[in-house]
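In the two complexes that follow, chain A is the common piece, with chain B as its partner first and chain C second.
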Partner chain A sequence: MAIRHRSVAVAIPAPRAAGRLSARTREALEGMGLLTPTVLILIGLVLYPFFYAIWLAFSDKAVGSPGQFVGTRNFEYVLGWPQFSAAIVNTAVFTVSAVALKFVLGMAVALVLNQRIRGRNFFRAFLLLPWVMPAFVVYLVWRWLYDPLSGLINYALMDLGLIASPIAFLSDRDTAMTSVIVAHAWRNFPFYAISFLAGMQTISQELYDSAQVDGASRVQQFRYITLPGLYHIIGVVLLLTTIQTANAFEPVYLLTGGGPSDATMVYTMLVYVMGMVNLRLGEAAAVSTLFLPLLVGLVLAVTMLLQRKARA
Partner chain B sequence: MRESLSIRATTYALLALFVLMVAIPLFWMVTTALKTNKDLYEDFSYLPRRPTLEHFVRVVQREDLLTNIRNSFVVAATTTVVTVVVSAFAAFSIVRYRYWGRDWVGRLILFKYLLPTAMLFVPLYAIVVTLGLGNTLKSLMLTYLSFTVPFCTWMLMGYFRSIPPELEEHAMVDGCTKIGALFRILFPLSAPGIVASAIFSFTLAWNEFLLALVFTSDHSTMTVPIKLSMMVVGDQYIWGQLMAGAVLASVPITILYFLGQRFVVQGLAAGAVKG
Partner chain C sequence: MARPAPRCTRRDFLASASVVAGAALLSFPAPARAQRPKLVYWCYQFLKASDEARASFAQEWAKKNNVDLQMTMVPWKEFMPKITAAIEAKATPDIIESGGVELRARGQLLDVTDLYKKAEKTYGGWVGPSSKIMVEPDGRVHTLLYGLQGFMLIARDDLLAQAGLKPPPATWADLLVYAKKAQQLPRVFGLGQAISNQTDSQVWEDIMKSYGVRLADETGKRVILGDYKQQVWEFLDYFEAIWKASVLPPGVVTWDNTMNNSTYQAGKVVFVFNPVTISLWLEANNPELLAKTGHYIYPSGPKGRIQPLTYGSRSIMKYTKVPDVAKQFLWDSMEPGKMDREMTVAQWGPVLNAYLGFDVWKKKPFMKSLIDMSLRGEPQGYPDVFNDAWREQSTNCTASRMLQRLVVDNWSRDKAFAEMLDVMNKVYAKYV
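Take a look at the complex of A and B:
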């Protein structure tokens, strides 16, 4: 298509050799001109900070001071810190459990919504609500639901006689991480559900009809028709959301602040505490730089998956 | 058929479970905002016994939430206008022009779309302070472009690609310039996509938390998310007001989203009919 419209562009100006060249140059200049603001934004607000962060990690920069190159001192300090190893473990636990929970919930909701049910459009819109709501609102609501004194969950559990005394969900080491994961999964499962549902609706009904004729059970149909039909979407969704989940900040900040005693200290929270509370920008940047290789690996994997799909 | 009956029963049972799972926290948010403090803390009840709007009145009067709502609105609206213009030009340029470096910008946009803000807030903070923009709404309007522009450009690129270039080509044969064709043909045809990208950009800016938390430090510059999160620490008996604030913060976004969904669906349907 690009070739075709270039030939049209060429047909308009005077048909001289020089005119042909200048039309092409003009197109290039015009195109670059339109792209300039975006390029400036990408350079100034993405590329520059990205590399600046890496420089910061090797400096003793604090707010208000210029900062000197200090070699790998920040990294040595950070690596020797117990909070850092806690952050690695917690980030891994949070990411893996939250992604697994969202996947199972999202798949179950998509399977239900893919059935012929009455009022499907209404239910689809309704079950999307947690994801439409601002994330900070969701976490404030969950903080209130978990409240040990007047929260709904404790009241309901005691009403039903399931517990004798209130549970301090967010300030008990045993329950804090699970509580944060549940709240996060509640807010984010709809993204999995709508993605999987969209994928399911592209799978031909004929496949299911002929499977039924052959006597395949529902489980077999799911295993041999639905899942294979969703492979690409599952891949993209899992990679994309693994990146987002590993970098989640709001659930931890708004529910527990990383506590109790670092039980929910994920790496983003640690970067925030180091940089914004302790005002040690160098060490904060060192923490995020240490997580960079993993993140870039994941990002490149998604980029390749998406571009392959765009080309196909 | 026995199997299909049991499957229908399971389907509806699961559906009921999911609806409850989603409904209960939302119900609790709304009813908490409508309950009296007595119903909230002393004499627990599942339903508001004496529904009242006093928490809404208090969060507006005592906490001056309107200032924060205005801040959020100004930041989100400015970000949206700049984003839509910049992204529409960028997407048009990448999809319809041929020149060197185009693909690299496309790749960089996707990379940024995936790169989380958590990776960038420390250096962005240092940059904002250096520019003398610390604790201003301008710092948010500027830095929010770092995620709204890549997101909307990426979205509009897909949208513009779905519109056949022949129409613009015909206009250009009739003597229209390429930019003229953009304004007269491509923009009107992609109106639903542009509206959808505006809604996404507004929502992203309205909901943004981390940068606003880091960049702004007093009430007059705080956006709604930060103001409400600061109220949590303040007073123990503030949940009625907090949930009232949460309702106020969610309503515009929820409405926008469902309006936007219509535009997105319309746009997709129109694209499909045109083939």
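Take a look at the complex of A and C:
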């Protein structure tokens, strides 16, 4: 069969002139152009302050003075400062304990609010109350609750005959840190509860029904259905809140000021005292820089732990 | 048929907006703009009535002098962080009402020696030894005081009378005896004094110094605290006696700077150390308690009385673009008629001799004690030199931290003292 060739007019691109860009290059350049503002914002708001803070740590910068490079002098100074070692231990204790307490409280409340109970929507909204209240108000209320002379907790304990004399919760080395952790956990656990609750609602009811048919107990259902179903949410929540908790400042500042003695001196309080009270910005930056590996380590530990769990 | 509305492009809009804005700008009388200097004023915020009096004067002054005044009330506790940020951001105010001595040391203030001398000549001289804090070693002045204040011994005279005691206690040892006898446990404690990480705890440093202790030498550069171990031990004997006598309310080791006020105002202590702000509050809210309250200067220690004073000051930041206007404001702010009105509602003692005749000192008995305090009080830090090193150890509450080591951490005296000495040496070494 003879094949008839029909002539078709095809637009053939003219040979590329020297210096003209290919479509691919142009597209790449356009993409970079669109990304440039974001990159600039990141550099301006994240990278510049970050590296500036590190530079500060190597300078004798004080308020109103330009600051000269002093090598590792600030690091030697803060490492020899009496409250520094206390700040390391206290920050670790505060972070780990507070995160653990918030996790347990948040999970427990989420499990309750995931049940079909009367007034469930009301309680879900009510749950957010501590979290939306300004930290300043929350911690001043807790300060009053703990007060040994007029605080509600002492009043109640004495009225019930549980104690004979008031307890200075915030002023005793044995109870101060625990008291700060409890107040902080009370304010922040709703974030855990709401996040876990949201995660629980994505787990199919059929899984629970099947488990029930197989005779699984409530604990087993939690262990083998709920918890694995929440791993990703738990990961994100723990990651974010570990950083947030390690950097918490208001609870210590408003409840104890780092005292009694150095019993609640966390690193953020030490940075505040050195930078804002003593006006020694270089030393304050050195404390922050020294704590960076600890914070990164905490975050990495949480991430690795959860990844291992998720893989298992 | 309806006619389509004429289309206004973005370019048209921008063009017409520019024309309108330009026309508006040009129509504004240029000389008026040039004659209206802008003055940024950070007003010290602490006691409402006093703050309002100063703010009100500033507004009237700006109106009268055709100045565009931008005033911000800055709480005293936030002043240093805020001015720190402002200096770093190169966005400083023209006039500030806090931190004069601290910022002078950092070279941030305009020289106002001329105003200092003019005020000295016009208003009969400055009051008491504490006013000398304005004059630097080279004779220059960068900050002008407008009021003196200090901690005084505020006492429940009624409870002391009930216990058969006649105020005031003459010595620190007497104070302990008075506190023990007059307290009515568990409702009323003898002494409401913080031993915490807040600056009110610095009273302990003053008491320690009245036992003969000095922190640094005459130059304010070399720590000599180690030479005064015996005197420190005598002071610690006294402190431990106070601690064991149960005259301190529970919780003082974490008290903030407001707790002594609120505890006294609630009628729960016999003695506190505080400026008269407590009494100004009582005057408005609890006159019955004020009538039972006495105001006294500090008791003496074995080596004399240490009664340090703090101050309210006005300074001009060196970056100001309107130095003459700012200086005029400082000068007008010191006018006796204006200060008379202001001191009626303020916590300040007089700084200029022309202020000593104000009616307020006669009308309010509790304010009369401010004159005694202003005349006899010493500059902050005395007998040590007030400099950056002293200030840093003071804001660090070094003396109070030593005491907390004893009663909170159960350290030995030697260990607690060694730590204090180490901190002092570290701090002072930075400023040599």
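Definition applied: the second predicted complex is superposed on the first by the 247 of 312 C-alpha atoms of A that agree within 3 Å, B and C clash if a C-alpha of one lies under 4 Å from a C-alpha of the other, contacts with A are read in each partner's own complex, and residues count from 1 in each chain.
The working rule: a contact is a pair of C-beta atoms (placed from the backbone, for glycine too) under 8 Å apart; a residue touches a chain by one contact, two chains touch by 3 or more.
No experiment lies behind these values; they were computed from the predicted model shown.
Enquirer: Thinking of the overlay built on chain A, is A:Val219 touched by chain B (first), by chain C (second), by both, or by neither?
Expert: In the superposition, A:Val219 contacts neither chain B nor chain C.
Enquirer: Applying the document's definition of touch, where does A:Gly258 land relative to chain B and chain C: first, second, both, or neither?
Expert: In the superposition, A:Gly258 contacts chain C only.
Enquirer: On the A-aligned overlay, A:Leu306 touches which partner chain: chain B = first, chain C = second, or both, or neither?
Expert: Only chain B is touched by A:Leu306; chain C is not.
Enquirer: Just to be sure I read the superposition right, which of the two partners does A:Asp147 touch: chain B = first, chain C = second, or both, or neither?
Expert: Both: A:Asp147 reaches chain B and chain C.
Enquirer: Looking at chain A, which partner touches more of its residues: chain C or chain B?
Expert: Ranking chain B and chain C by residues of chain A touched puts B first.
Enquirer: Does chain B (first) or chain C (second) touch A:Leu279, or do both, or does neither?
Expert: second
Enquirer: Looking at the overlay, what does A:Gly80 touch: chain B (first), chain C (second), both, or neither?
Expert: second
Enquirer: Go through the superposed model and pick first if A:Ser65 touches only chain B, second if only chain C, both, or neither.
Expert: In the superposed model, A:Ser65 contacts chain C only, not chain B.
Enquirer: Once the structures are superposed on A, label A:Leu129 by its partner contacts, choosing first (chain B), second (chain C), both or neither.
Expert: first
Enquirer: Taking the stated contact definition, name every residue in chain A that is touched by chain B in one complex and by chain C in the other, in rising order.
Expert: 63-64, 147, 149-150, 276, 281
Enquirer: For a test of understanding, state which residues of chain A touch chain C in their complex under the given definition.
Expert: Touching chain C: residues 62-65, 77, 80-82, 147-150, 165-166, 168, 170-171, 173, 176, 255-261, 263, 273, 276-281 of chain A.
Enquirer: Under the touch definition given earlier, write down the residues of chain A that touch chain B in their complex.
Expert: Residues 1-2, 4-6, 8-9, 11-12, 27-28, 30-32, 34-35, 37-39, 41-42, 45-50, 52-53, 56, 61, 63-64, 108-109, 112, 115, 117, 123, 125-127, 129-130, 132-138, 140-145, 147, 149-150, 152, 155, 186, 218, 240, 243-244, 247, 249-250, 253-254, 268, 271-272, 275-276, 281, 284-285, 288, 291-292, 295, 299, 302-303, 306-307 of chain A touch chain B in their complex.
Enquirer: If you look only at chain B, which of its residues touch chain A in the complex?
Expert: Within the complex, chain B contacts chain A at residues 3, 7-8, 11-12, 14-15, 18-19, 21-26, 28-29, 32, 40-41, 44, 86-87, 89-90, 92-94, 96-102, 105, 107-112, 114-127, 129, 142-143, 145-146, 149-150, 153, 164-165, 168-169, 172-173, 175, 178-179, 206-207, 209-210, 213-214, 225, 228-229, 232, 239, 242-243, 246, 249-250, 253-254, 257-258, 261.
Enquirer: In the complex, go through chain C and note every residue touching chain A.
Expert: 80-81, 83-84, 87-88, 102-103, 106-108, 186, 196-198, 249-254, 256, 263, 266, 268, 392, 395-396, 401, 404-405, 408-409, 419, 422-423, 426, 430
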